[in-house]
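Encoded as structure tokens, the structure appears first; notes follow it.
Labels A, B, C, D, E and F are assigned to the chains in the order they are written; within every chain, residues are numbered from 1.
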Amino acid sequence: MSKADAKEYMVKKEPYYYPIGDEIDRYEAAYDVRMPIMLKGPTGCGKSRFVEHMAWKLKKPLITVACNEDMTASDLVGRFLLDVNGTKWQDGPLTTAARIGAICYLDEVVEARQDTTVVIHPLTDHRRQLPLEKKGELVDAHPDFQIVISYNPGYQSMMKDLKQSTKQRFGAMSFDYPEAEVESQIVAHESGVDAATAERLVQVAQSSRNLKGHGLDEGMSTRLLIYAAQLITKGIAPVAACQMALVEPITDDPDMRDTLGAAVNTFFA
Amino acid sequence: MSKADAKEYMVKKEPYYYPIGDEIDRYEAAYDVRMPIMLKGPTGCGKSRFVEHMAWKLKKPLITVACNEDMTASDLVGRFLLDVNGTKWQDGPLTTAARIGAICYLDEVVEARQDTTVVIHPLTDHRRQLPLEKKGELVDAHPDFQIVISYNPGYQSMMKDLKQSTKQRFGAMSFDYPEAEVESQIVAHESGVDAATAERLVQVAQSSRNLKGHGLDEGMSTRLLIYAAQLITKGIAPVAACQMALVEPITDDPDMRDTLGAAVNTFFA
Amino acid sequence: MSKADAKEYMVKKEPYYYPIGDEIDRYEAAYDVRMPIMLKGPTGCGKSRFVEHMAWKLKKPLITVACNEDMTASDLVGRFLLDVNGTKWQDGPLTTAARIGAICYLDEVVEARQDTTVVIHPLTDHRRQLPLEKKGELVDAHPDFQIVISYNPGYQSMMKDLKQSTKQRFGAMSFDYPEAEVESQIVAHESGVDAATAERLVQVAQSSRNLKGHGLDEGMSTRLLIYAAQLITKGIAPVAACQMALVEPITDDPDMRDTLGAAVNTFFA
Amino acid sequence: MSKADAKEYMVKKEPYYYPIGDEIDRYEAAYDVRMPIMLKGPTGCGKSRFVEHMAWKLKKPLITVACNEDMTASDLVGRFLLDVNGTKWQDGPLTTAARIGAICYLDEVVEARQDTTVVIHPLTDHRRQLPLEKKGELVDAHPDFQIVISYNPGYQSMMKDLKQSTKQRFGAMSFDYPEAEVESQIVAHESGVDAATAERLVQVAQSSRNLKGHGLDEGMSTRLLIYAAQLITKGIAPVAACQMALVEPITDDPDMRDTLGAAVNTFFA
Amino acid sequence: MSKADAKEYMVKKEPYYYPIGDEIDRYEAAYDVRMPIMLKGPTGCGKSRFVEHMAWKLKKPLITVACNEDMTASDLVGRFLLDVNGTKWQDGPLTTAARIGAICYLDEVVEARQDTTVVIHPLTDHRRQLPLEKKGELVDAHPDFQIVISYNPGYQSMMKDLKQSTKQRFGAMSFDYPEAEVESQIVAHESGVDAATAERLVQVAQSSRNLKGHGLDEGMSTRLLIYAAQLITKGIAPVAACQMALVEPITDDPDMRDTLGAAVNTFFA
Amino acid sequence: MSKADAKEYMVKKEPYYYPIGDEIDRYEAAYDVRMPIMLKGPTGCGKSRFVEHMAWKLKKPLITVACNEDMTASDLVGRFLLDVNGTKWQDGPLTTAARIGAICYLDEVVEARQDTTVVIHPLTDHRRQLPLEKKGELVDAHPDFQIVISYNPGYQSMMKDLKQSTKQRFGAMSFDYPEAEVESQIVAHESGVDAATAERLVQVAQSSRNLKGHGLDEGMSTRLLIYAAQLITKGIAPVAACQMALVEPITDDPDMRDTLGAAVNTFFA
């Protein structure tokens, strides 16, 4: 990413985001002091969309990194590549973000090895620096640079948690599924389904969310509701659409499928 | 795969596929909105054949990746190779599929490390993008691109399951062995065996499928029935053909072999 | 193996093989439909010899791969090597076999990592293709190509077993030690020992095979009997030869050595 | 870091540091005899700031390394890189520090693999040497060189501890959160919040610190108090600011959040 | 080892070896038929010396490989190295031995990963071939080639044992410490100590060997006796020499040291 | 280390060493017959200093290797490096020592992987050879070459111990902390503190050593006593100096700190 510039990472058009509370004000206050931010909440509730919206609103470039267990510090920071003239340094996404003043969003950061996340530490305290140890360079972060991480406290295993010394470098904002009315509007807006159907889909989702921890790891996400609504608009019968988009994806357990199927029938059959 | 083009990945001739229900309509509705699809079902029941059939029907290129535990994100996304002029980027199959607008089919995706599958996330939400972090490029998926994954809920171990944040990005379709009559037709069509023999082979398979979870990990698949039928058409005695194609491959347990052997004798001796 | 051709892999002279039953007919029927074959049976009972014999009989090239835990998919499929002009692709043994139409014999396939074996899947169903993902090439198997694997159900550990989705791609043939009379003939033929001594060696082996699972992991193989017979023809006393070739190799347990020593004395002292 | 010189690593401006006791005198005495120093204490209590302050006060360059589990000895010592003329050695941060006479600060050293830390041994006894085994060079440390490590005895796991043979090479200094009065001054100084608010924030923190080991891994750090104060100065209501900067970051447990929320309300509602 | 020739690996002068029984005849008979040989026995009892002696006696080159857990198949077989003209193949020790007709001695073969040892299989049956899969070459073993392995059944762990399919490719010869009289002669011959002292050293060793499995993993080896004798000839008092060469090396347990010290005093004080 | 010569590794000036018993005579006798030597004893008791002293006394070069878990056989033996003319071999420290006739000191050898230590075997028996398998060279050790290893039986874990086949290649010498009087002299000599203070520091250390195994992994080492004495000479109050150099480094347990603090007060307050 050596010749990356800020423009490439600008969010081109306004992402649809429906505010739940004062989260936009809070984020702006945090950004004002460039406080690192941690977004907490269940799968598919809109964390990534929110960051994208804020980057668009603040007119700052956004660099997103989907974290995973095999990600090394070099994947974030950069590495030497072989070139005709020998080795050439190539910035990783974190370094690029620090140089161009982007918001760097580390999605599902608990997936990364606990100790890989240590490389963000010098960027998250008063130093705001990133030492490129392999290159022998000390990058001072651009004044606009901010770091944002997300994680899902619901299904993180015992083995995967952030270290206290990482957590205590972040302000935190909790997200959850929107209120029923808001969620129905989102589903209708994103899929083109009618309001009544959207409401019923949300009711199905809510019954599933009550089963979290009682046989389900997670309830149905807003994203899945939009999938179901889209299938309905394409002519699939509502019960079949719910089966395909809401029930089948989240469980393999026959009893749980019956339970969820009954919920679908309650609202659609 | 840098110079790959769509033609190379077109399915040349219609794959034989016998529809069980409305799965073709459902898939087409899902493809219309480019919904990522998850195919669930036991070994050898026709999931791969179905995707191939749909790619042929929709006239879209198909790129299949057999997933495995040692597959890295780079195997999917691409890597730098050494060239006379230094390093050269080579797209992986996922990137090629995103560029040329192929259906990308990740077969047995639970075999891949949970966190390798994280690289497909940005391609499965509203972004439809694939960041090539090592290259510093953000690939916008071709409008025709769709992602399909398969997995077998029956034998996935505790250690191997998709993460909720992955599952909730997919609509799902369940597959199972076809009805007896349909399966007989398939066996006869694919092997050239007569209808009566095909029916008896299906009856053997069905007794084995009732033993799943009672000493057998899986029942006999349609594929094995076709093998047995082919051996019969080549002159092997039916009991010996069943032994070789149906019983020996699926169990090493002497008692279970006797049980299955008795089932074979019931229908063929 | 880029310039390998079929001739190099032809079996030059007829390997000595003594048929036990109709295994040659069964194999030929399976080869006729290019069915993938799995050979099951204990150590040293002649599985490898049988494949070699069939390759010779069918006049097809044979490529044997001794599988092991550290074998990667690249070891089977091929890899890029560095050359004066940059990187050059080199086919692995599986790819060579698919190109030249060889019988590819994966010996002791359970030793390979379960998921490495996944790379053979597209070669074992109707596709008969091998995708070289790293090279971006899709190899269509030569019409003569067939895949054969061997495994020993006796000592495979809990950790090492083929996946059902692999097993159900193969017809299977079970092997065991030959009948006493046949085995004596083989021992005499291969070592030059007289018939009476060969018979007594077989009797020793049979007592050991009854101890399998009762303190012995495996009984004495035909190969070890030939070793003992060879030592006898070189002038070593039969009891000493049995000690060296039959008893010492298969156990370190003093009690078991006494038991087996007693069996040796019964027939030779 | 081959052309690094001391100037690049000088601390340019005086870091704000509020002394708690005689730690500055103790450190200077230890530095006088170049004794290796180990700083112990909880997350965010000012260990890194203290080292920076001492480096500034002593006018010595400071090289900080954030340790992590994947850090190899080569990351500390250096490695060969490929160049137009073949391989070229590049010093790692420890080697650079030894050459230029810097204070080398290994932050969170317990994160590094126990045995990677072995490479610092010859620099921490009478030898004061660093053998670059791969290069075949024996570096004698610059007379100004000193090594400082930090670790947090509070959350180190059973698996992660320094070896006795490493510990016994260091003098040690314990750090803790400052007294309430001092901490309030720090919070006010760093955030610009008024003294009364700063005091109340410290009171919240102190209640959380009493919960350490009773449901909390760590209490709220001084750094988090400054975050909360900064949000307040940006117009966020104190209770919301505390929620975002003090409560949410340190726990995901609903009961603990209620308990901490009650503490916040006691002082701010 | 590409230009290695047989001369380099000839044993130049007769190694001192004192035959215990008919092991030389047995080995020669086995070599006559090129039977692979497994040497079993405790640490330091003379297995390596015996192979060296036989190589000298048979006038065959000897290539010894000290096996270890990290040894890969490539370490045995060979690998591509980078050269001015690209990559160049370099034979490993096993390949060199197969080409030049050496005795290849794999010392402590159980240390190698079980599956690395699989690469020797095709060299240990009727094929006597070594497939260099990475190079695409099939090496036919030189008529003089023989493979010899050693292992110590005494301390092999549960985790480390040869597979049956490996064991059943070898004839086996057991070694043990020599009879007292013979061992005394060896100790005297190798160290120059007088016969009486040598006898007493052997008596000390024998008491330790009775403790094997009762607090000692192994008794004192002949090699250690020679060490003790050498120290005595250099003027160290016998009790101190025994302490240094016999007791300290084999145990860290204070009680066991007392027990062994008492044995030393019985014979020397 | 390809152009290393003996001079670079000579110990330039006499290291301070205070003999405890006849260890110098014993070592010289062992060196006379080039017996490999194992030094056993607790952390910081002077093992490394002793080897350095002996190398100085015998006027032999000394090459020290701090062993660690990630050390490979190549780190000891050498490897190929890429050069303008292709690959170039570079001797590792063990090979250099064998070539130039140095004493090769492997410090904390139990840290190395058990099987990496196997590479030293051929250098520790009558062969005195080091096979460079990757280079195809057999290095005959220089007549002056000797190998010395150290290990600390006190804290070696169950997982880390030398193999019997390694142990039985070494004579062994046990070290412990010196007698009180001697230790006081060492402390006074190395720090410049007065005799009375040195004695009291030794008394503190001795109380801590009695706690070994009763809450302490190790007692205070001589090195720590020297640290405390140095701080005192720099003007730090004795109690504070003891806290910093003796108590804090060796324990994080509050009770144990109180116990040790009381011991300090007994002698200094």
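We take it that a contact is a pair of C-beta atoms (placed from the backbone, for glycine too) under 8 Å apart; a residue touches a chain by one contact, two chains touch by 3 or more.
Fair warning: this is a prediction, and the values are worked out from it, not measured in the lab.
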item: Furthest chain, CA centroid comparison against chain A; value: E
item: Centre-to-centre distance between chain F and chain B (centres being mean Cα positions), rounded to whole Å; value: 59
item: Centre distance in Å when chain D and chain F are each reduced to the mean of their C-alpha atoms; value: 30
item: Inter-chain centre distance, chain C versus chain F - centres from mean C-alpha coordinates, in Å; value: 51
item: Residue list for chain D, restricted to those that touch at least two other chains; value: 82
item: Category of the chain touch graph - line, ring, star, complete, other; value: ring
item: Order of the ring members, counted from chain E so that chain F is second; value: E, F, D, A, B, C
item: Contacting residues of chain F [partner chain D, same complex]; value: 1-4, 8, 15, 43-44, 48-49, 64-70, 75, 81-84, 88, 90-93, 96, 107-108, 111, 152, 155, 217-218, 220-221, 223-224, 227, 230-231, 234-236, 240, 244-245, 248-250, 252
item: Touching residues (chain side chain A, partner chain D) in the complex; value: 22, 25-26, 29-30, 32-33, 35, 38, 40, 72-73, 80, 82, 85-87, 113-116, 118-119, 121-122, 125-126, 131, 133-134, 136, 138, 153, 163-165, 167-174
